[in-house]
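Shared chain: chain A. Partners: chain B in the first complex, chain C in the second.
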Partner chain A sequence: MSLSAASSNAAQGLSQSPALASGFQFPSIHNFPPFYTLQPTASTWKNQADLWGTVVMRYFRHHRLYQLDLDDANTTNEQLFHNQRINRRLKPETIQAIVDEMVKKGDAEWDPTSRKRKAIILWRKPEEWATFISTWVFESGLNNTIMTYYEIAHGDNAEDQEFYNIHPTVLQKTMDVLVKRGVATTFQGANFEEMGVKFFNAGA
Partner chain B sequence: MDRWDPIELTSTFRPILEPLETIQTTQDQVGLYDGRLKAEDYPSGTVYLTGYRILYIDAKDPARKSIGLSLRLIQGIQHYGGFISSSPKITLDLYPRSTIVDPQSSSDLISTQGQQTLDNSFSGLAIKNEPSWVCAICYNSNQGGIQKCTICGVKRPIGESVANTPTTPAADPFLLNEPNYMDHPFGNAPQNAASNGGPDPTMAEATTGIACPACTFQNDPFMIQCEICGTELQDADSIAFMLHRQQQHQRSIRQLPSTINNGAISTSLPSTTAQGGNNSPSKSLGGSKLFSGFYGLSSGSSPSSGKSTSNDEANNSVKLSFRAGGIGHFHTLLKAAVAAKAWESKLKPKPLETSNSSSSDLTSTGPATPQIKIGGISNILRTVETNKKVTDETLSQAFQDLNGLMEKAAEMVTLAETISNRLAKSSSVDKEESATFKTYLLSMGIAAPVTKDTAGAVFHKELARELVEFILPIVEREGGTMSLMDIYCVFNRARGVELISPKDLHTACQLFPDLNLPLRLRKFDSGLLVIQTLARYSDDEVSTAVWKRIQGLPPGAGLTAIELASAVQISVALAQEQLLMTEARGRICRDESVEGIRFYDNLFTNWEL
Partner chain C sequence: MNRRRPVGGRAYAERLQATNESYQRVGQTISDNQMEQLQKQMETFRANLETFARLHRKDIQKDPVFRMHFQKMCGNIGVDPLASSKGYWGELLGVGDFYYELGIQIIDVCLSTRALNGGLMELSEVKRRVERMRGVRNPSPTQNHGNSGSKWANAFSAATSSNSQSKENTNMEITEDDVLRSVKTLAPLGSGFQVLQIGDKKMISSVPRELNRDQSVILGLVQKTNGHVNVNIVREKLGWETGRTTTALNTLLEDSLMWIDQQAEPYEYWVPGFFEPEEDDIYARAASS
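For the complex of A and B:
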């Protein structure tokens, strides 16, 4: 993907940043100074927010991240929203505006208790996760047995799966989808990780 | 209205003044009266008082209905304070025409003059074709054409004006008389005389006498005014017809073959008057001598014309009706202007030229008289020295105090022009200096700025017009847009000491659309006010130019308002505005940082990830 982008954007004179230690490479728009200013013109802002949404999703997917925390001075925020090469940084309110745009498209969800300080980035839709998880359950022969959420998210069997270390909120959404599909049923537990789920027989 | 001359106007409908002519005051909503009657073509306009003239510029049709009256024609000024709904007026008594044109100069002149005055008298009479009416409020008898009482200004009752119009057989007498005249050019004279001599009522009715609508006296058909009460009798058409016939008759007399000598003419003259059917003495048209009657009508030179005021007033007096006030100020200044007789000094050459050309005379009249005839280098040197001295004196006088500077303003401008001419000729001065000097000259542009004193109520309108005249070339040179702040500076610098407030400028600029001037005040979204030429540089063109400029920058470089301003020589505020406008069109995007706002090409639009 970066190859095609590089060819079409090569003329714009923006240099490509070196890849991060994690192997992630920001697109060259990440070095465009206006990228860090909330554009007052509506049409320009829409394009800008779309670009940011795509960059954020790619970054989160690459690093298997789920939650965006504005108050957390972690490496994620530093790498993603702060470009030290050109000395530009996104303001928190601009990030909020970007996430707002992502929420509108269904690519993110605010943590309702966080007053727009925390958000879940849905780089994969709950429907997709539901398919992944149910496929994994049937392939592993774990249907008709009760599993806890913890087993799905952090269990040994799931270690090589994409949903390993999935965020609880995303997992809950996924389970809601599965229940709605009639593939599984959930059981209340003492806490979130002790919540149980039982997958029915395939095709049931 | 024949005393008024058409005047030249600028593109913004301000009068073009003669050299050294200055506007003393201005007043709008002034109507003109021709004699005692409203001049219908000039109902409301702006009146300028200058040192030489009174100028009327019509509010609705300034291009065609703008006229000027030379102050030198004014004999006396009467002030009328207004009463109830009658506006205050200034009546200007003019010198009779005869003092300007001598009717006795030649027979050719007589004929042409007769023609002219005939036309004039038509125009004067054209509105006097209705009978008089009596004001319901003050019982003043007013002339027919007047719609408002001349004393109290109360309107004439509408129903009355129609009802009172008499059914006088106005045109008929002439139609009846004409065949007579044609058949018996001289023969019917006694018959007419007989009929008029004895005021037999039956006879008068039969022979088309005119019953006076006011007093019912049966007048002779050729009378214009009632013999008893002076009421107007006939309509304009019939009078015009009669005058025309009389004139034709005169022409036929003049064109008689040479066989008829002076004696023949002298014999024929009484017969013409008899033909005219006029046995009434001392009325302007019906004088016993037709010729003198003609000139009495127009020139007012005839002593008898003093009584028949209507015609003379039409030609020898003019009224200005001040419907929006300002009469006191105008009256004072008008009196001062007439007394000052600025036009008399106008014929003199310009002051500086006088001093230069007469410099040798100056020295000759001085103590060093014996040196007059010295020629050669010493004389040249001396002349140069004297010139320098005069210039120095003018300069030192001018800068002694502000008043002195104002008085000498005209001379200073002339001096500056002379210096610039000299600079242009001399090659020794480098171009930079002369260019600097030229900008100074430009700043001295406005010789007689519009002030609140001279313009009064129409100050802002006049200011707007002056501003457009002055600023239009500058705005065009600046690319069609200038911020109001810059204009304020340039304009006030050019006005010298007559500074205006920002509010006045703003108000004047808001009047541009109303006055149909080719500039517009524009407020950008940011609140910046600019003056733009009308639709010359659209926003599209400007934003495209800015966009192209930004695209042409080296890769990754942005443009700030300051950089743009210095690159295209506009003010920073305006550059900022152009950038914001381009940004609003989605062509560029911004980068806000501690260094300020930089604008970049909008890469977001077509970026592919």
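For the complex of A and C:
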């Protein structure tokens, strides 16, 4: 995810579909100029928004990203929404409209305090994360002990897990699911990372 | 002399009756003979065709050229073995199943790309995608319109086909003729599947629609202008004034057959009908040229 990703594309030329340095490959519609204009026909726009949603989800999943921030001039926004090869760029309003559609499908959530400038992209649902995390806990024999959120999200034991570095918001949603399932109980901590969780015995 | 003798005397009537009857008898005999002969011929023919079909069943199923010839031969004598998989021929040959399966694949291809192309796709592109679905590794570009084949399709096949066209794939190969036949068999479903002639290309439409003349002309033009046009190009190529062009373009937008690029000056109108979702990079190619 370095800035050199874009330049290495250019060096590759047009002969092949370029993969980013990260290994991510955009589908070819990413090079379709009208893809960057909000389509005035409702049915076309719906399909366009779906396609953009798919591209965003794939990109975020591949790079294990969680937060979309419209005000951050970061690599993500530059790679996703700005195509230098065809000189086309999504307007912020169009990105918002796309995220709105993703929210409707449960694929994203606006940060309520951000006035539609920040969103969490849910490329896995909290229910899926809940299953992953509880499976990992039981397989590692960590049930019946109290762990902190930090240990789950950043602990040495979790380093090879897909949920490593999971976003706090997503982690909290996941914990809510686990509590609701009756699999675990949570404990207040001094701050988010010190929040605790205990998984019950499987048979209990 | 006997002119005034009343017509319809008894003797006359009887003679007339006898004559008629004998004519009828003769006629009956003749037509019986003919029928018998015809039936014999039909039986022989049917037996021969049956033997032929049995012997060549595999070829009919697997060799697209052979299949086409067989179809033509049957068509000439008014037999349509492919009409359904239920009838005599279908059971004998299994060819109905062939078109049935192909039909499902065509529906799949058309529906899965409808979001993008508004349900209008070039015949050669449908064929290529169906072949890929059937496991043909190097789908060949269109056979019927080899030269006029779309830039997109050609660019694609140039990019993907290795030098050698593998022969192992022939068993799943299909021709454009197969696709057209299959689309015709889909018509009774009432789902709007039809073949449209646009410009010099055949397109498969999977949405019930009627294109007006101006729309067809624009779509035909776009085939020659790398998939996109603007009002200037239409004025230059067709001599239309802006109002007429805009109307046609807008109706094409409304029908989801075109997408607009408002970051171009003047606005560009694109037909994504040739779009290839995953494997190629055709749009970058077109945009950079």
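Please note the rule applied: the second predicted complex is superposed on the first by the 186 of 204 C-alpha atoms of A that agree within 3 Å, B and C clash if a C-alpha of one lies under 4 Å from a C-alpha of the other, contacts with A are read in each partner's own complex, and residues count from 1 in each chain.
FYI, a residue touches a chain if its C-beta (ideal position, glycine included) is under 8 Å from a C-beta of that chain, and two chains touch if they have at least 3 such contacts.
Just so you know, these numbers come straight off a predicted model, no measurement behind them.
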Which of chain B and chain C A:55 touches, first, second, both or neither: first
Touching partner for A:67 - first (chain B), second (chain C), both, neither: neither
Contacts of A:85 with chain B and chain C, given as first, second, both or neither: second
First (chain B), second (chain C), both or neither touched by A:44: both
Partner chain(s) touched by A:169 [first = chain B, second = chain C, both, neither]: neither
Partner chain in contact with A:32 - chain B first, chain C second, else both or neither: both
Common ground on chain A, meaning residues reached by chain C in one complex and by chain B in the other: 14-15, 27, 29, 32-37, 39-41, 43-44, 47-48, 51, 87-88
Footprint of chain B on chain A - complex, ascending: 1, 4-5, 8-9, 12-15, 27, 29, 32-37, 39-41, 43-44, 47-48, 51, 54-55, 58, 87-88
Parts of chain B lying in touch with chain A, wherever the complex brings them together: 554-556, 558, 583-586, 589-593, 598, 600-605, 607-609
Complex interface listing, chain C residues touching chain A: 115-116, 118, 159, 228, 253-254, 256, 259-264, 268, 270, 272, 275-285, 287-288
Footprint of chain C on chain A - complex, ascending: 14-18, 27-29, 31-37, 39-41, 43-44, 47-48, 50-51, 85-89
